[in-house]
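Please find the structures below.
Okay, so subunit A shows up in both of these, paired with subunit B first and subunit C after.
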Partner chain A sequence: MESVLLGIGVTALAGALATVAGAAEDTESNIGSQGDPNSQVQLAPQMGYIHRIYNKAVSGEPPAYGLWVTISAGVAWAFMITGMNPVLAIVIASALAVFVQGVYATTAYLGRTASLAKFEQPVYIDVIKSVTTVTMAHAFVAIFTTVAMCYLLVEALGHPFPLPLLGIVWGIALGAAGSATGNPFYGKERQYQTQNFGAGVPISASGNIVRYAEAGQRSSLDNGWFTAKLGGPASGVCFGLIVFLELWRTVLFESVAGGWGAIIAGVVIILIFMIIDRYIEVWARKNYGPYVKAEEVSA
Partner chain B sequence: MTAIAAKSTASEGINPVASVIGIVIIIAAVAITAVVANFALAALIGVIIGGLLIGFGVHFVPVGGAPAAMGQSPGIATGVAMLAAGAGLAGLFGGAWAAANPEFGIAIVIAAGAIGGGLLMAVTCLMVNVVYIFGMGIPAASGKVAKDPITGDSQAEYKSQGTEGHGLPFVSYVGGVIGGMLGGAGGTLIYYELLQVYAARLPEIFGATAEGVLPVAISLAGIFAVGMFLMNAVLAAYNITGTIEGPHDPKFKRFPRAVIGCAVASAVAGLFAVLIVVV
Partner chain C sequence: MTVQVTASTGGIPHNKIMAFGLVGSLVCLYLTYLNQYLSVEYAAFFGGLAAVFALIWGTDTIKHLCSYGIGTGVPSAGMIAFGSGAIAMLLATATQFNSMFLSPIMAVVFGAIIGGVAGWLANSVMRMNIPVMVRSLTEMAIIGAIVLMGFTAVMAGGFGFEALSAREFALFGSLAIKNFEFTVLGGCLVAVSFMLGAIALQHPFNACLGPGEKQDRTLMLAAECGFLSMIPVAVISFAFVGIGAAVLSLIVAVVGWYYTYARYIELSKRDAFAWLDAKPILEPKGED
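What follows is the complex of A and B.
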């Protein structure tokens, strides 16, 4: 009974850490414009729209976070083998991984932006100075919380994978969840803020991203401020739910029915999510209505 | 002929010559294993089946890439290989956890992997629709079919002007969950088969106890499973070329080609994974 209680407590803590990680990951990637909406940041100068948006998408979020989290997990693992306190080891290892992220971000911005020189897009040194450190700070939060979560999975819940291998698994999953959930909010709602609310961006508008703020040109820091209102928290909820439910069903039901209890619990959870999804899909169709009438479509 | 006028050479069908060459490579890999490492023959077959499951499963995952991030096309706004990898590796996490319990047989281990992958996709697909519907006020609409094959909902009038659709219609949601489950099961099968081989052979090679080398066996099997997962996911993504809405998308019919490709790649990679405990 005590082990189950401990397991539930660790599950809750791991879920909370994952929630923070997901929110920080999405905000970091939006400030650095690393997700799929980056295609528009790269396209804009080619369409004649010069901007001051940061641009570091030389890799997708999942492999990038797979790398940074694994570096941190590997270094922390090595530190702990030498007898270092686990909390200190994870903090120092995350800081070291963030330096790798900083180098990655700087070189990626310089490389991607310099490639647009023929379209007269300048490389802004002040953008590097002001934005890179902010992405590094958010990356630190995401990396530290993910590695701390992985450490809990190994030490408290007894997962057989070593810490660096868990870093690969959950680093890639973090990037996948964060980019899947957060990208549309940044891409549609922020970059194309001037387009109609409640509709996709017409393909003909591609590249015409919003480049001006209330005063002066829009900064990537403003994009982080905006997406932290919904895209970031939604990504956090997504990754937090994934981690929490995966652990919860295993910790509570693994011993039921010779191991099948956790499987059945997982199937039930998936079906519940499926029903919720269908409900909100129908809700949207009823409340928002069609864009055009069915006869016009067939005409 | 200009580049614009030229038609894509990527066809839906299977290239017979390439397929025969691939099958010969598979037979060669199996034959080498049978001769050099007969004890691992079943494991290699398991690895090949795992690769097939991953390659097939990736085709179910609804991925819209960059256009989906602007609400210009349906699907999840990220890359095919990476989303599939995220789901499959989450499944591998669950499968490996179940495999650590000696009381559990292969059926529970594979099922645990499948549910882990399916759970990630179920949560992610729901949150994608939550952001589209409640964050952006956009209903789900497919660009590839007039009606959702599962619910029968008409799609065309819910597409906003100048787009190919947006969000995840229910058929795409179900496809995502099935894809995650197949990926999780495939990755876990690869891990489980390799773990059996390493756990049996490493004590003899290292001259140590079975308990002593178990962490090494788990790490080796885990890293090979992760690597083979990414390899198969990327191969399938090349077959899809960009975006796919799910099982109702015409591109889904391309899956036999990816299945052959993934089987060949898994056979060769599996051979090397087995050989490291023979040489």
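What follows is the complex of A and C.
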């Protein structure tokens, strides 16, 4: 009983860490314009819209976060087997991973922007200086919390995988959660807020992202400020729930039916979420209906 | 609407880069055998240099493959290279080959077989019908295997099965015990090498693609990514090799990274439309 209580406590703590990680990850990727909205940032100069938005085209978020978290987990693991204090090891390893992330971010911005010279898109050095550091800070939070969570799984819950392997699994999961949940807030709600709500992005509007702010010109930091309100927390809840439910079912039901209990519980959780998703989809279709053509205004 | 993938043509021909990358990385991998031969660990850093050579070659391969309009496929190309390369690497580091100093050659052979099969599946079974697919995937599986072996050599001082899976701990002076958990394979550090290599392989072309892509800038970025990946690998090596060898690997990585990064920024400055600091958006004047 005591071990189950401890397990539930660790599960809650891991879920909380994952929530912070998800929120930081989404905000980081939106400030840097990573993930699928990046294609519009890349496209804008080709359509004649010169902008001052960061262009962090490292790869999709899942592989990129797979890398940052795995670096941190691997280096922390190596430090720990030499006898270093785990907290110190994870902090130093996360700092090293963030250094790699920052270098990748600058080379991506410089490379993509320099290759757009034909369309008169200049390289803005102040964008690199001001935005890279902010994405690095958010990435540090995301990486540190994810690796700390993985460490909890190994040390407190006795997970059989070594830390680097958990790092690659949960790093990719973190990137996937942030990408799937957070990007609509950035892509459709922020870059295209001049379009009518629900209009989608027609071909004619491709690349026509919002480049000017309420005062002056829009910076990528404004995008982070905007998505930190809803997109970030939504991603955090998504990743936190993934981690929490995954551990919860294992801690509670692993002893049932020789391990099959946890698997059955997992399938049941997936079925419940499928029913919820289907209900929301049907509800949304009924209330908003299919896309309709704009009604002709009578002359 | 997706981003159009455009790449420059001309420059150094691909076959030349391939020869340069293959020979350079094989020579560097063989130089890591000095560790075994001389019973030292200082030659570990040659593994990192092998990875850099292979990544330069791989960047050019990805450029050729992705010029067939595989826009979002650029990062995936890095993943499949290392997925197939990991199998080739594990087969090639088997004790039979390593004891005969054959592991690097066998990595090329196994990589070619696995990559060739993957390319054939992609082209003939999945009907992608991309002319360079079979050749590119063959090259990339070899590159993946070489980079993984190179990083492993930096971490553990060699890529023999003993170096990968066993580590001796000194207990009370002369008494030593063997540990299999705290090793490169036991700690699953192949996952770290996998991600470091896969992202480093796809990043240079992914970052530089566009109408103004230049071969020298892209390849400089490839070298930069190689040295940058070597930095965490060298830091991890502190746990496995002597402090002198690990510091040497770290210095080689940092110096190489700094030089290539500075050169890359210079080349970006050369190719950029303008290099501005704290200036507003300049609306384009158009070409006419």
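One rule holds for everything that comes next: the second predicted complex is superposed on the first by the 290 of 299 C-alpha atoms of A that agree within 3 Å, B and C clash if a C-alpha of one lies under 4 Å from a C-alpha of the other, contacts with A are read in each partner's own complex, and residues count from 1 in each chain.
Keep this in mind: contacts are C-beta pairs under 8 Å (C-beta built on N, C-alpha and C of every residue); 3 or more make two chains touch, one makes a residue touch a chain.
The structure displayed is predicted, hence computed values, not measured ones.
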TODO: Tell me which partner A:39 touches in the superposition: subunit B (first), subunit C (second), both or neither.
DONE: both
Open item on the list: With both complexes overlaid on chain A, does A:258 touch subunit B (first), subunit C (second), both or neither?
Closed with: first
Open item on the list: With both complexes overlaid on chain A, does A:232 touch subunit B (first), subunit C (second), both or neither?
Closed with: neither
Task: Partner chain(s) touched by A:168 [first = subunit B, second = subunit C, both, neither] - done: both
Open item on the list: Looking at A:48 after the superposition, I want to know if it touches subunit B, subunit C, both of them or none. Which is it: first, second, both, neither?
Closed with: second
TODO: Look at A:224 in the shared chain and tell me whether it touches subunit B only, subunit C only, both, or neither; answer first, second, both or neither.
DONE: neither
Open item on the list: Quick one: is A:112 in contact with subunit B, with subunit C, with both, or with neither? Answer first, second, both or neither.
Closed with: second
TODO: Considering only the touch criterion stated at the top, classify A:7 as touching first (subunit B), second (subunit C), both, or neither.
DONE: neither
Open item on the list: With both structures fitted on chain A, tell me whether subunit B or subunit C touches more of subunit A's residues.
Closed with: B
TODO: Determine, under the contact definition given at the top, whether A:206 touches first (subunit B), second (subunit C), both, or neither.
DONE: both
Task: Common interface residues of subunit A - those touching subunit B in one complex and subunit C in the other - done: 39, 60, 63, 161-162, 165, 168, 203, 206
Task: subunit C to subunit A touching residues, read off their complex - done: 1-4, 72, 74-75, 78-79, 181-182, 186-189, 191-192, 194-196, 198-199, 202-204, 206-213, 217-218, 221, 224-225, 228-229, 231-232, 235-236, 238-240, 257, 261, 264-265, 267-269, 271-286
Open item on the list: Per the contact definition, I'd like the list of subunit A residues that touch subunit B in the complex.
Closed with: 35-40, 60-63, 158-162, 165-166, 168-170, 172-173, 175-177, 179-189, 191-192, 196-206, 230-231, 234-235, 237-238, 241-242, 245-246, 249-250, 254, 258-260, 262-263, 266-267, 269-270, 273-274, 276-278, 280-281, 283-285, 288, 290-294, 296-298
- [ ] Quick one: which bits of subunit B touch subunit A in the complex? Just the residue numbers, please.
- [x] 65-72, 76-79, 82-83, 85-87, 89-90, 92-94, 96-101, 103-104, 108, 111-112, 115-116, 118-120, 122-140, 151, 153-154, 156-170, 173-174, 177, 215, 218-219, 222-223, 226
TODO: Note which residues of subunit A are touching subunit C in the complex, please.
DONE: 39, 42-43, 46, 48, 50-52, 57-60, 63-64, 66-67, 70-71, 73-75, 77-79, 81-82, 96-97, 99-100, 103-104, 107-108, 110-126, 161-165, 167-168, 171, 203, 206-207, 211-212, 217
